[in-house]
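Both complexes below contain chain A, partnered by chain B and then by chain C.
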Partner chain A sequence: MINLFNYIEKESPIHRLTGATKLVCLLLWSFAAMSTYDTRLLLLLAVLGIALFPVGRIGVRDVSFMLWFTLVFLVLNTVLVYLFSPQHGTQVYGTCTYLFGFSGHFAPTAEQLFFQFNYILKYFATIPFVLLFVCTTNPSEFAASLSRIGVSYRVSYAVALALRYIPDIQKQYHEISQASQARGVELSKKASLTGRLKAASAILIPLILSSMDRIEVISNAMELRCFGKNKKRTWYMAQRFRAPDYLCMLVCLLLLGASIALTYVNGSRFYNPFQP
Partner chain B sequence: MTDVIVEFNDLGFQYRAQAKPTLYTIHLTVRRGEKVLIAGPSGCGKSTVANLINGLIPFSYKGEITGSVRIGGRETGEQSLFDISHTVGTVLQDSDAQFVGMTVAEDLAFALENDCMPQKEMKGRVREIAKILDLEEVLRHAPSELSGGQRQRVSVGGVMASDVDLFLFDEPLANLDPKTGKQAIELIDELQKRTGAAVIIIEHRLEDVLHRYVDRVVLMNEGRIVSDTAPDRLLSSALLSECGVREPLYLTALKYAGVKIREEMHPASLPELSLTEGEKEQVRRFFLENRGKGEKETRPELLTVKNLSFTYEKSHRKALRDLSVSIREGEMVAVVGTNGAGKSTFSKVICGMEKEDAGEILFRGRDFTSLSIKERAEHVGYVMQNPNQMISKVMIYDEVAMGLRLRGVPEEEVRVRTEKALEICGLYRMRNWPISALSYGQKKRVTICSILVLEPEMMILDEPTAGQDYRNYTRIMEFLRSLNQRGITIVMITHDMHLMLEYADRAIVFSGGRIIADKSCARVLTDRDVVERASLKETSLYHLAELCGAPDGTEFVQSFIDYERAHERA
Partner chain C sequence: MKKLSVKTIVAIGIGAALFFVLGRFVAIPSPVPNTNISIQYGLLAFVAAVFGPIAGALAGLIGHFFIDFSYGWGVWWSWVIASAVFGCLMGVVTSKLKIEEGQFGTKDIITFNIGQAISHVVAWIVVAPVLDILMYQEPANKVFLQGVTGAIINIIATAVVGTLVCVAYSRTIPKKGSLEEEN
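Right after this comes the complex of A and B.
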């Protein structure tokens, strides 16, 4: 079983930041990385993002599943971009420099390779930061900070609660699927597509039914302990904004500023080394 | 401040969707400092009484109330659910679902958060409660990292945090192993002594609750209060068996021996039970007369496991260590031990749901490990604890036929075999009913039937009677016994010591992934070392034997079992 929402409890400067700070930083950072194709800034973001991993005490092993997943996707994406528009770089940069003596529609050009290099760099600028966010943000504290930045506490608690019950539901799914396999439900690749769809229903129906029972019990348990009594509630896990929080948000804001400024200076979203 | 916390006056209640009232003319008063047990069979209305006390009726479940319900001196209709929850703290049956927070600390703080207590004060309060309940070490742990007993303590702590006047425990013993259950009852007792609040326990396992003193037992049946009196008086009457609630086992033994239960004996508490010399003599004589009548025969081995080991891949936890055991044809065996001792893992490895690291599994002497999960199911059927986790069809007939249809059996043969299985399970008449119309016990029967249709030689059942009252328990167990008499070998994973004593030929005791005992139930439940290591509970019969000066406690228990089985079958 794979744990998708992998908060890893550790003691680090990044863990100590509030969830709201990290969310704001994530948004600013992603905007910065998305709005530009400027190689210099993307390189900076990628290096910075990866450099934050040791700061947050998160190892490559902790995120290996997500990392593999993105890498596969990245390779696939790169190949497809090349296959479908091998001349895109030429259009973007306005010059055409054939490499290795080939020519023609699918021939490699310096512009295309540079464009795709930037494209890959964009992944490296954003993905590490997203992974870091997921690994270092405690769901309850995150819920607390969501409500601080104005989201209704019912909504933020629902988020936290969903995260709380995901492992339980995974476990149940596993048990139910084992029991139905014993009764003859075929889940392996041997079965046809319709067969597998039927098999999925044989597992999902009991899963949904037993989850419904649970929801009733949980909502009663919450009401009996006064959930929803007041317009506001306090949070055990809430954290105060401190100097590092403001500092991080400021840095991310500056990065976004730099990204917008570069677009203005370059005259487009691209940094163009091909034209003098 | 009033002393009366709960006051029901001529109360009746009917759920909106139901044709008949659930409660009739209930009069009930509970005062500060009292400890009251509400007992009765499933469907007697005791859960409805609980919902009326904690305010879920009328605020979450709708229906018509007649008469008056006063909580903390005011009618519930005039208060809000939140007002009531400051007077009544409810600990729900499923302590897992009660656990709302991500960690222990957050769960303890949950009610305080909702009351907008400032964080600093809240942290102090949480620390205070954690100290009382001995949870300081685990404050940052998630629910899945806790033992059953710790989880129960967190549930209690979460309610304690808001200083209530009444603690309401809804079936606190369900899902707990015997030793943890005993500790839960002790915890409730200490909690009451510490806070001076009133306590109401809703539970049908009378003997376990009476482990500690209670002031009154309110016995309910069919929506009415049948009796509301001191436990000693109730136990000396015949009301319990009339209502289908099980009396303590030591009292059953006394009755078998011909001893009449009198109030002055203090029948509610075994340590205080006082018998005359004549009565003790009666018990000893009963024992001698019924001693050693059980006959022994050895049948061929059906399942043989040799040096089996298993490790969970993800957590690297060694769940089974070098197990060797054999189960003979036609046996009815109990598998017992704490949660996490390896009982369920063992059955999953047998059924092929998990793959062993090392060891042999032989079925009728042939290698079992090379068979797929589907092929093994035709020899060994596995029935999960919660029937809702197994049911995926709308109609009973289709559910039972599913396993055959998936195996591509011709429809004509499916019909014959399904009808036969339905017949055996007593479901034939209901075959065209939707499953949603069935009670929990009937659903259980459907899931057993849907396994039985594959005609396995052996069945493994996980907690076949968890959460069932005595009547349902007896029905399910008698049904399993009848299957056993048809030649199906039955293996039951259970926490229920009564079940084990009454129905199992033998107990296999798990602890820390090993089998620490494999012998008759009477021997297991009188072996102090095994009982301690596997979190079981010594049977009260053993203490009765000591009290009466019977020469051999283990044999005394055995003769009781033999007598009861011979007696019931006759």
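Right after this comes the complex of A and C.
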């Protein structure tokens, strides 16, 4: 339950950044990596993302499980892309260079291989950074950071409530599930598909009804304490911005700028080595 | 923008927490190997039907973001946004229903299910694949096939789970005028 979000408490320059900074950086970085397909920038992002791991004092062992998960996902996706659209690269780059003397619909082309290389690179440009964010950001700081970057504090409070009640609801789900199973509710493969869905509903109904009571109790408590009376709200977990925070945000902003600039320079989102 | 009421805020928080727990820990094996049925969309449809489109959209957004976040495979914004779109549409199409006043008859069940089917189709066959193509430039036929599969599974799951939950919830609320004077 403690390891739900994989946050690893350590002392490092990245841990010392405020949650708001890391959230802004994550958004800027994601958009930078999402908008471009330029091989050079993606390579830079991938190398930079991996290089940040020692800075954050996160080892491969800490993230090995998540990494495996991602790799399986990645392989599956790559294979699917090839199966469904072996000519996608040709469409994207506008030329067709058959390799190894094959020709036909499924024949490997240099463009397709290059496209898929970029596709894989795109994962490597975002995933290390997200993993780092997950490992170094205390979830409790999340709500405070959201309100810091301008999200309405009511919405930020909803996020804080979600984080607060996930463990409670998880525990309650577990209890209800065990009680139902003791009464013979079947969730495994022995039951038919609709049977399983109905069994899941049998667990869900008590869970949701008690959650509705919970909503009532919490909102009454908040109203009694005049929640939402003032325009602003302070947060226990909020931290002040320091020089490194501004620096990190600036670097990520520059990366996003580079990504947009490259799109203009290349004339498209792709870096095309096949046309002179 | 209208201020969110305290109850809506709490509903968003608890709805997102429920969405997270169901999506992350409740795995019902489906006939297709290695895929699970996501019953959390039944819950999201219920939250949207009772608390409205803003609550549905935000509960889906926050819940789905935390699911991706806790798996650590990177946040798939295209699918996270599609969850929010589903919650929002669901809230819009069910805005005429009065589940919170204890009304959920046959007619309402039909409205609810047609609404959820349309919302799922829009979210998974239009929004998610288009965003996937825009953001990741994936081949169109691959993402549309993934979207169609997801939509079908989600529609079935929501039809069973969502309907049952709505019926059960509406029964717990005494209807208007349900008390009769005795002689």
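Points to keep in mind about this one:
One rule holds for everything that comes next: the second predicted complex is superposed on the first by the 241 of 276 C-alpha atoms of A that agree within 3 Å, B and C clash if a C-alpha of one lies under 4 Å from a C-alpha of the other, contacts with A are read in each partner's own complex, and residues count from 1 in each chain.
Here, a residue touches a chain if its C-beta (ideal position, glycine included) is under 8 Å from a C-beta of that chain, and two chains touch if they have at least 3 such contacts.
If you're wondering where the values come from, they're calculated on a predicted model, not measured in any experiment.
By the touch criterion defined above, A:Ala179 reaches chain B but does not reach chain C.
Of the two partner chains placed around the shared chain by superposition, chain B is the only one that A:Ser140 touches, whereas chain C remains out of contact.
Of the two partner chains, chain B is the only one that A:Leu224 touches; chain C does not reach it. Of the two partners chain B and chain C, more chain A residues are in touch with C. Once chain A of one complex is fitted onto chain A of the other, the partner contacts of A:Ala160 extend to both chain B and chain C. Contact with chain B, but none with chain C, is seen for A:Lys232 once the two complexes are overlaid on the shared chain. Once the two complexes are laid over each other on the shared chain, residue contacts for A:Arg196 go to chain C alone; chain B is not touched.
Contact with both chain B and chain C is seen for A:Arg214 once the two complexes are overlaid on the shared chain. Once the two complexes are overlaid on the shared chain, A:Val265 sits clear of chain B and of chain C alike. For the contact definition in use here, the residues of chain A common to its chain B contact set and its chain C contact set are 160-161, 163-164, 168, 201, 205, 207, 209, 214, 218, 222-223, 227-228.
Contact residues of chain A toward chain B in the complex are 1, 9, 138-140, 160-161, 163-164, 167-168, 172, 175-176, 178-186, 201-203, 205-207, 209-210, 213-214, 217-218, 220-230, 232-238. For chain C in complex with chain A, the residues that touch the partner chain are 3-4, 6-7, 9-14, 16-18, 20-22, 25-26, 28-31, 37, 39, 42-43, 46, 58, 62-63, 66, 69-75, 77, 135-142, 145, 156-157, 160-161, 164-165, 168-169, 172.
For chain A in complex with chain C, the residues that touch the partner chain are 4-6, 30, 34-35, 37, 63, 66, 69-70, 73, 80-81, 84-85, 88, 92, 119, 122-123, 126-127, 130-131, 134, 152, 154-155, 157-166, 168-170, 173, 187-189, 193-194, 196-198, 200-201, 204-205, 207-209, 211-212, 214-215, 218-219, 222-223, 227-228, 269.
Within the complex formed with chain A, the chain B residues making contact are 54-56, 59-60, 81-82, 85-86, 90, 92, 94, 97-98, 100-103, 105-106, 109-119, 122-123, 126, 140, 144, 158-159, 162, 314, 348, 351-353, 373-374, 376-377, 381-382, 384, 386, 388-392, 402-403, 406-407, 450-451, 454.
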